[in-house]
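By written order: A, B, C and D. Residues from 1 in each chain.
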Amino acid sequence: MNITHPFRDEDGDKLREECGVFGAINASDAAAATALGLHALQHRGQEAAGITSFDGGEFYQRRGLGQVAENFSSSEAISELPGFMAAGHVRYSTTGGSGLRNIQPLYADLASGGFSVAHNGNISNAGTLRQELVGKGAIFQSTSDTEVIIHLVATSRYPTMSDRLIDALRLIEGAYALIVMTPEGMIACRDPLGIRPLVMGKMGDATVFASETVAFDVVGAEFVRQVEPGELVKVDFDGNIDSLHPFGNHSPRPCIFEHVYFSRPDSIFDGRSVYAARKAIGEQLAIENPVEADLVVPVPDSGVPAAIGYAQQSGVPFELGIIRSHYVGRTFIQPSDGVRHSSVKRKHNANRALVEGKRIVLIDDSIVRGTTSMKIVEMMREAGATEVHFRVASPPTAHSCFYGVDTPERSKLLAARMEIEPMREFIRADSLAFVSIDGLYRAVGHEPRDAACPSFCDACFTGDYPTPLTDLANRERRDAQLSFDKVA
Amino acid sequence: MNITHPFRDEDGDKLREECGVFGAINASDAAAATALGLHALQHRGQEAAGITSFDGGEFYQRRGLGQVAENFSSSEAISELPGFMAAGHVRYSTTGGSGLRNIQPLYADLASGGFSVAHNGNISNAGTLRQELVGKGAIFQSTSDTEVIIHLVATSRYPTMSDRLIDALRLIEGAYALIVMTPEGMIACRDPLGIRPLVMGKMGDATVFASETVAFDVVGAEFVRQVEPGELVKVDFDGNIDSLHPFGNHSPRPCIFEHVYFSRPDSIFDGRSVYAARKAIGEQLAIENPVEADLVVPVPDSGVPAAIGYAQQSGVPFELGIIRSHYVGRTFIQPSDGVRHSSVKRKHNANRALVEGKRIVLIDDSIVRGTTSMKIVEMMREAGATEVHFRVASPPTAHSCFYGVDTPERSKLLAARMEIEPMREFIRADSLAFVSIDGLYRAVGHEPRDAACPSFCDACFTGDYPTPLTDLANRERRDAQLSFDKVA
Amino acid sequence: MNITHPFRDEDGDKLREECGVFGAINASDAAAATALGLHALQHRGQEAAGITSFDGGEFYQRRGLGQVAENFSSSEAISELPGFMAAGHVRYSTTGGSGLRNIQPLYADLASGGFSVAHNGNISNAGTLRQELVGKGAIFQSTSDTEVIIHLVATSRYPTMSDRLIDALRLIEGAYALIVMTPEGMIACRDPLGIRPLVMGKMGDATVFASETVAFDVVGAEFVRQVEPGELVKVDFDGNIDSLHPFGNHSPRPCIFEHVYFSRPDSIFDGRSVYAARKAIGEQLAIENPVEADLVVPVPDSGVPAAIGYAQQSGVPFELGIIRSHYVGRTFIQPSDGVRHSSVKRKHNANRALVEGKRIVLIDDSIVRGTTSMKIVEMMREAGATEVHFRVASPPTAHSCFYGVDTPERSKLLAARMEIEPMREFIRADSLAFVSIDGLYRAVGHEPRDAACPSFCDACFTGDYPTPLTDLANRERRDAQLSFDKVA
Amino acid sequence: MNITHPFRDEDGDKLREECGVFGAINASDAAAATALGLHALQHRGQEAAGITSFDGGEFYQRRGLGQVAENFSSSEAISELPGFMAAGHVRYSTTGGSGLRNIQPLYADLASGGFSVAHNGNISNAGTLRQELVGKGAIFQSTSDTEVIIHLVATSRYPTMSDRLIDALRLIEGAYALIVMTPEGMIACRDPLGIRPLVMGKMGDATVFASETVAFDVVGAEFVRQVEPGELVKVDFDGNIDSLHPFGNHSPRPCIFEHVYFSRPDSIFDGRSVYAARKAIGEQLAIENPVEADLVVPVPDSGVPAAIGYAQQSGVPFELGIIRSHYVGRTFIQPSDGVRHSSVKRKHNANRALVEGKRIVLIDDSIVRGTTSMKIVEMMREAGATEVHFRVASPPTAHSCFYGVDTPERSKLLAARMEIEPMREFIRADSLAFVSIDGLYRAVGHEPRDAACPSFCDACFTGDYPTPLTDLANRERRDAQLSFDKVA
């Protein structure tokens, strides 16, 4: 989402999905449904939320820092968003004054009328396009990559709105799932490879779109199908639904990490239950990397489904060896008398009475920087575990994502810095193993990975990026030039 | 805690522990440790928090509505609370202006110097004592029952502080775990029956007290022992620890609901791991009330340990058939297009792909008003479950608590209104069963219940209240009088 | 108001009246009238405001930091204060959390029912009385001297409320204008010498009380008479008005500084228009201290009426040589390029085009610490004034007030530190003169001051305090004792 | 400033200057000086304030609703605005979320670098230009007329920044005083007629610009000269100052209402002291419209200088017959017992003791809608005045302003609706008179008005607008068309 900082160095030791989107058209309470839908997608972005609505005449907008419930649960908030069409967005963002203008949906008054866009993904040539547009006199309101789309639409010479949007998207590289609103209706679309997810549903006469099916469950809508990679779905105010495929045929590459961690377990992604996929990954992990142990212990909460699968496959009992607090949030002042690592303890505490004297298998979904894994292994040992075996329900994460996921810089990724045995030493486990990439493909219901034509975007594991990365290449060229200048 | 409203009619369908307390003396960062300790006890009260500290000369206090992290995580907040002794409190409270003065610890300047008290429990003759004190010219600052203790201490004729406190407590009925601070040190004490919990720990040279052992884990302290029922533990600034037992011998009656729901599973209560107790209750439940089924599904999160026990005992696999959202909080405006009961869905969503076509056993810790249970059964059926069997890891909750637990009025308790078969019909399950009171005693490591001398306070199940309920009796006498007046 | 800090060292270079009170009984919108009345008294205290109301059954209260308009202008605020009796208070106060409990009216539940008191003045033996009460077990909620009254009433053995109040007031020294509310009605009273003002009015069937008559103008009430020194006026809910004089005969000593500065010019104080009194002081000043000059310039706004009087008497034209900004408030960061004293310039700016090349007479109401006077003289010189003559519409302020006025410590008062000629040098004026004490008495319509029996409290000018100052004497005795100890 | 609502129907019964601007370049604390300068201009706009600074590399911006002191008095705020160049703006604005993006200075990243503009005035063809720009693909961030300037600059083909700005300004009609910042320095300019004021000063090595000279007094700068009508003053970072006159020769038409009401009396406008001008208008008024009376009473505060002039000329004594409260702000709930018109009384109260039984001459600067005048006359009568003569220090205000002044719609202007005698009846005065337009010109130091070539913009009195009003004409044409359509 942010063209300037694709990386982020944060306390959190997880990859973070950067956005969720929801839209509803021909719904009598479009904004209320959108608020509820976004709330169900809150795990996809917790730092800012926005909703734009349209009542046939005017567009209305409300955006704010913080969670959906803080901004959109009151009747006052919803009553400021009248109309039968609405779309919303949740995102991670940097805090601070300038942040507000980057909160989506972005909106502009074009010559053809109002234009609103909510975007999940990242445009990998946004910086280059922006520079060209500014050179022609365009004035940008935000630092968001998404605003490039609006300026391209505004300056397109095509007569109809959908042609102008297609014209704009042809110039764009990278990943996008978009919900666009104009005075003629709603357009939902996905990039040609379908890197980011987008699904379509039905709620009475209303058509709804969302990043995940769980949003449909919560608003009471019915899941119809996914928006296909490269598809534009147009819905007008008479309920006509049109499907366009303007970008030709591409072999889809949806993000496999949606199965590993991003999506909620009660969502259906790529035609498969996420919970079932995670359990299957756990089973595959048990088959590939068995170990003699007394307890299978999930790192809560994301490791739970894989741990259940691992336990059922291995016969080792599943137990809550780590208790997670529901009250986290801020960092506390540390008392100087305190024992080490209590910041981890605020979130996770060892179930000492259970763990003491036991050999345990810890199951987590992934290892990013490894610092949390190290603390959790240590916590198990302090609680008296005699052996700690770490099993990871994804392959080693060794590459950054440029498609809308907040990853640490590559040099901070543990798997980019070392092989598995040094990783084991780093986290101080008795053994460490990851599911294989082929095992992962199999667990999510596909054939083993075909390197010539993989069925997912798995660049974070393989480094095989499915699109050009123009901004990155330009930056590297510029940096190289700078080094050369210094040398010469 | 609140003398006027022992009952509370709320959306939440759980009994709610009303308070948690934490204290530290001879600690170099007493307030920082207390903040962290209270944070670990946040599940015992989320609506207000307060800390009082003492630096050898002055007392300092900070209290606020909201969670511990909102009020005590900044260094500014902690730096306003200097000193080597501190105590804090978390509570449920009604919001609003007058609420602030009821937030504990309560503090008063007595002739003998400052006096601070943090109280978990409820004084069942507070109204009667308050009336007498006001008649003698006492002016109350709050509507809290706890303030009665301060006025009794202030007007006691005994010379030493501990004698004055004992003099006050002799007049008091009900449940209390107290942490008192005076310029001479800290006094921790429990009512003669030990209804509410209180434990003692050690952190270097510091002595710490808390409602639950989990607070010791989080601050890095070592669990020493529980404060005994009827015991006063005095700690002075030289580290001398004195134990007094001024109330004679009583057979203890700790609250059995701490095992069922209140305490965190990683705490040790009454000498036993709460997680182990809950698993054992689940096992006992499977023995007493088996059923043919495909899946054991916990109502998250409190039903999880019992469900694991039930699954291990019965051999039916444990699965996450209900996914809980971590982003709850406020009620949203309902879109009129939405399906019924989406307020439950915001918290809990069916894992439809798993549940469909299956016979499931739902495990919950208790049934209070039954409304949530009904919605969850319905959610399972809508997701395609063919049979839904409800199993409850406690006996029917048929009586209100007057000892510091927020219970609905008796008439709102489902088990006070009907037998088990009508309850089953009300929640629309295929079968419904509760663990027996004897099974519960056994699961928590005791002999079956001895009606002549039960080893717990189990009044919520049995109606057998271990202390007089003077205020309630006076209120009933007054109401009866009023009825009589109307008749005559 | 504050028993611990009678002095205050502040930026402001004015004596500050510490409080204003307003009450209404038998008024259909008592709280709304009280809010409006307090707003008219805002100049008497701008840092906190409170209102208590009574609807025949319950008392309601709302208090807040800041001005009346910030706390009581919304319909929500007023609707929280139902009933036909209300009283309110504006005050100066120190900011911060603990401040809230000192905001008046103070309220307590006594055995006889609710008791609310709003107090303008200061009790000069409050510390001594408080110590005695705490020794008997009383628990104080605030650090306010006013709370002593409540505890004395609560522990009085007299049967009726007015007897209990009189019993309490007999023990009290100092200055007080009180508005008390009980379930039987309203009691307004003034200390035996009538040091602080209190007036009575009529608004339809309602009876109203206020510190100044301007409040009656603003709410649309009619001024009836002042509450007499030593008088208690009781008003019940049938509209019966009773007058008691329980303290015997005393020769009144109202504060003469109300005429000089505290009261608004459109108020009637002690039977005389404050505007007329100030003009007369200006005329007297011109008679006593004439000077050849081109312009009479008031220090805005408090010096304006005296300047008009001076100009009319002397024939020198009145002109706005200093322009006051209406937007003051906070201190700004000073740019380092800035000229000196711009903090004064933010409030007052020289009207350079007018002043340049002129001999001017500056008129101010008083000199407290002299720092502002010095800056204003300098500002006139920088603007090109050829001569600057300073004339002051009160005698030299050489003594602290202990009756509810915020005065700097005596050592900070310019007139306590030096004679008139050194004062002139300090403020760098060409000449300096003050009105004489006899001239002041004459200007406000009285005979010249009779030292044996002065008709005003003029202690700030003369050091002649009309009541004992017990707390001060005890403090000095203790300090002397400490010094003695050190010597011995 | 706002292209959509040139009119505004508000409680305030004054014309309101809509903006003030201040800029400083080559100043070591540019933002601190700007904050102080804006504070001195606060009377020109109290609802929002903004400052942009430049440190040689980056631009920084902070804007907020409310007064300057609320947004820019803290060292944190100023430290967010580093650099040696800064410019700021105060304005009236509609409140609410969307308001923030209209707060000036407006800023954009152009191809040539950052561009910031602060604008006092109104562009009378902004709507027409905006429509053309949007048609070419421009995306507007705000609803402000000022943004048109930025887009015209962004799309200009000229190579240098000052040429691009001149190119843009050539397309613009109406009134503007601008402070522009670019990475090359600061440009200050005034429209060809100089309708809105702008002055230039010196502060050590720094150059400063402001709407009024009072800002220079407050920051400690020296007044150098006004920016001439049609002049662009360019200042670079070496301190070079260039003057351009790209628009040819025009006869200036500065706004005469600056003398009447907008400017502070201690400012120098058009080469003359505003205080002296106002006194001279009062004298002229006394010559043109004498009356037998006992007192001359100003309507505070704006009527004071004219009242002093009137009193000195007529020999009738100047007295404060109306006392103004310094604590206004919000509207209070009216008690139903209250007398009529207390909303006026909250601001202004009759000095009854003075007024009673007197014949008074009320002096005000202007009459806009007449409602306040009517209430003030009534207040004087209720206070016992025997005769009330109203004298106005400007001609009748009969026309709306389209040059950046907030005027009511023409139909709400009393003088647009009726002649002088009906106006007198409306406000219920015994007599009513205005200064003549020629008298006004004379009093401000000019020859009587030459209708062929007036030396001021006096359109509010005469309806003689000095520029085309393209947007208004288009709107009227459209409205006429609509009426025609309905008829046909």
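We adopt the following convention: a contact is a pair of C-beta atoms (placed from the backbone, for glycine too) under 8 Å apart; a residue touches a chain by one contact, two chains touch by 3 or more.
In UniProt terms, the chains line up like this: A, B, C, D = Amidophosphoribosyltransferase.
In this text, all values refer to a predicted model and were calculated from it rather than measured experimentally.
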| item | value |
| --- | --- |
| Subunit B to subunit D, fewest steps along touching chains | 2 |
| Equivalent of B-C within the choices C-D, A-B or A-D, defined by over half of its residue contact pairs recurring | A-D |
| Distance from the mean Cα position of subunit D to that of subunit C, given in whole angstrom | 38 |
| Euclidean distance of C-alpha centroids - subunit A vs subunit C, Å | 63 |
| Distance between the centres, which are taken as Cα means, of subunit D and subunit A, whole angstrom | 51 |
| Residue numbers of subunit B (touch at least two other chains) | none |
| In the complex, subunit A residues that touch subunit D | 62, 97, 100-101, 108-111, 134-141, 150-151, 154-155 |
| Partner subunit B, residues of subunit A touching it in the complex | 27-30, 32-33, 35-36, 39-40, 42-43, 46, 67-70, 72-75, 78, 203-204, 206, 214, 217-220, 264-266, 268, 273, 275-276, 301, 304-305, 308, 312, 317-320, 323, 325-340, 342, 345-346, 349-354 |
